[in-house]
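Data first, discussion second: the structure below is written as structure tokens.
Think of it as A, B, C and D in the order they're written, each chain with its own count starting at 1.
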């Protein structure tokens, strides 16, 4: 800062604000050093060299091999999904996969690709999903020239928040989600003290802007009615029967 | 979704939650279609091909040439900064540059580089800044092996919020800021109805997580005491006397 | 604390927090005067002499006589409700009454009484309601020994938020609502920028604690799906067919 | 609306919003019963008979006698303040008094009176204070015809939030504070996850509307720099040297 801008305040339209109501500053001047905070030093990390590379403080959840190091299926067993050429792909009927570790608040990077060969439509094309804390779904779908309900397309918080824009790439093309997730906190009566909140960039474009979740994802019914207290949870990837693929998954706990 | 997860609720530690207090669902079942919302269709945009490329709905503020198309100096004249090889660099003493357009809520992408030749220390090394709405500064500094006050280093909301981590690259290396900014709204008495909020990723790493600004950036004094109502404002880049460079700047109004 | 002493926050304070992460103060000391703000002087009002009396800056909406000064029916005509002995009572079939003035954010005081002669049950006993901005209902009902759905009893934000406790007095006894209401603000796409929020004390007991409304009150369906932009609106009192009475209604714009 | 009819929200509603952007409802109709929630029943309490009377679920902290049942001085000993005629009065030099119980979120009712015999001015007249969780002060002062700094007068959150209006009664007259307090929650780094929030009605008039506290009360310096994690805490009443009196204090944990 320093060498400040001389910026006359813009006046709100219609002159509705009385200048009288704007507090004036304290009469006793301060010095610049009074608003410096030096300690403790901010932790230093090494960012990825290029976009998508995991920073030094991330947990790499999938780097192209060895899926079972960090993931299980729903029964805690080795996941049935196929790992090949650095990519993991849903194998229909083997069920979800979930991280062994459990997370609270986090930044998540994940790359995904719907099948190049288009088949099905609406919810039946390239359907999968990323669940935060096992409960809150960020939809994955081939939403490129594939109309479905707006609160169920790619990038939606399923049946709660449609994406701000449809920023999808086509089938067979890798796409990215960068997620900032804040877990709920609970009151003693089992309801939310603060509800979950999520921000998502898809392919670098903001599609969810710190939206407030109303409750766990519900295929049928009203999310508010399903709120129950929970602690940290796994990241879950959904088997919805379509051979959607994933790569380069990492997470930073916040 | 569909084919839901059977997920027994985690019990909060210490059993402090009375199961009695958790609402039970309504007894009359619903159907999946009741929570589908189809209209209107979500607007389709084209994301950048690779990270950093402007999406189709962005305003490109600087693409390497023709700075004066979108920017002026503080007096509304042609900016005095140097454009060369697709890069714009601060020219000491020519003052700030600011966008001709004014913005409210937005997503901003900007790339910056502090001088390869290190000179000065603390606030004197590679110092510049990005101001939201002409008032709220996201600090730019060479904070690679250069200790300064934590609420004044690169990635800080200057003198209000230190970055969560120091995710800086070294001098002479290009770095990125991806900013999600929500402008304040005002009450009729001139105070904030909702204060400004900002999220920042530096080099792909979350460094500001939806933090609430206390008021305009102040080099001296307390931000709260300087709150005054304002409308949309320019993006301002600071001349702090160091030849910091910029490239690839685009913005999407939200 | 009702024997809830082993709280996560305490444990956290005692152990999990690294002292290193707590910022230390600036080294340069300040003086007390630096944080005093003297101007402008806070506006002086005269509070009511005893509880329930309108303060000097309130708009008295009903003081026992002359209902038509501030209220109309739904068609803008003289209301059909009965005024007698300083009390106004619903006349079945004459429809709602609404204030001629429209309001945004406010503090509202209202006193109400369900019929001393109990008849009907569940939603059929003493049913009425106070609507903020013509859209958001705070339920009035005889909920004294009269079970109904929890999100529809007296003190509920109808079908959105049950009251924290049932603080009702019996039929024929005057009760009070003290309401603090914050109107929604809207984004340009017609959705909420900030949703409505409401705090309610019933008979001096907090029953709604700054709850966030999901949308307009809906008897059938999901409030979120009905959000539409609106400006200031009337206070509306509902004719639900029961002879519920009101008195001493005043409001302060915030 | 005090002639403020040309409001942006109205204009926005009338023109700037594209009808296309407002979601339409789901096409499959629901039934009213689908949004009823019946279980569990809301807990029934008995409100006070008249305003100020403690409801059945309150902890009575002072009912006119036996101060030592619920209070100690700062050393954990019997408080040195004077109890007489159902009133407790500060005895200069005996120090603060604090509740033996510790509280998190709560509703608090407290009645106070500054000395009928006026002496001193500005901060020197009838000065005392109510501290939430031992850290966050709601100012008590004789602010009737007694100018002081706006963020330090009666009803201020001391040096953080001035009251919305000056709703004071005169010296020697009983006044009431009704407080709704939400305690902060903390992140693992020792900063606020959610900051404290407070709503205050003074003599029935809203003077603090869910304001966010920046940190503990500081006589000197900046509250943000003093944030440290803490658990539940006592209610503290301040000895500021003036013989301010109190009566009828009760609290409800939320």
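Methods note: a residue touches a chain if its C-beta (ideal position, glycine included) is under 8 Å from a C-beta of that chain, and two chains touch if they have at least 3 such contacts.
In this text, all values refer to a predicted model and were calculated from it rather than measured experimentally.
**Student:** Across the interfaces B-D and A-B, which one involves more C-beta pairs in contact?
**Tutor:** Pair with the higher count of C-beta contacts: A-B.
**Student:** How much rotation, in degrees rounded to the nearest 5, is required to superimpose chain C onto chain D on the basis of Cα coordinates?
**Tutor:** Value: 180 degrees, nearest 5.
**Student:** Please compute the C-alpha centroid of chain C, do the same for chain D, then give the distance between them in whole Å.
**Tutor:** 19
**Student:** With chain centres defined as C-alpha means, what is the inter-centre distance between chain B and chain D in Å?
**Tutor:** Computed value for the inter-centroid distance: 35 Å.
**Student:** Taking the mean of the C-alpha atoms as each chain's centre, how many Å separate chain A from chain B?
**Tutor:** Whole-Å distance between the two chain centres: 18.
**Student:** Residues of chain B touching 2+ other chains?
**Tutor:** Where chain B meets two or more other chains at a single residue, that happens at 13, 16, 21-26, 29-31, 34-40, 150, 162, 188, 222, 225.
**Student:** Could you classify the connectivity of these chains, where an edge means two chains touch, as line, ring, star, complete or other?
**Tutor:** If you draw each chain as a dot and join those that touch, every dot ends up joined to every other.
**Student:** Which residues of chain B touch chain A once you look at their complex with the stated criterion?
**Tutor:** Result: residues 1-7, 9-13, 16-19, 21-26, 29-32, 34-48, 50-53, 55, 57, 74, 96, 107, 109, 123, 129, 131, 134-135, 137, 139, 147, 149-153, 158-159, 162-169, 176, 178, 180, 182, 186, 188-191, 197, 199, 201-206, 209-210, 217-222, 225-231, 233, 236, 238-240, 252, 254 of chain B touch chain A.
**Student:** Going by the contact rule at the top, pick out the chain A residues touching chain C in the complex.
**Tutor:** Residue list for chain A touching chain C: 20-31, 33-40, 188, 212, 214, 222, 224.
**Student:** Taking the touch rule as given, give the residues of chain A at its contact with chain D in the complex, in rising order.
**Tutor:** 13-14, 16, 23, 34-35, 37, 150, 162, 185, 193-194, 222, 225
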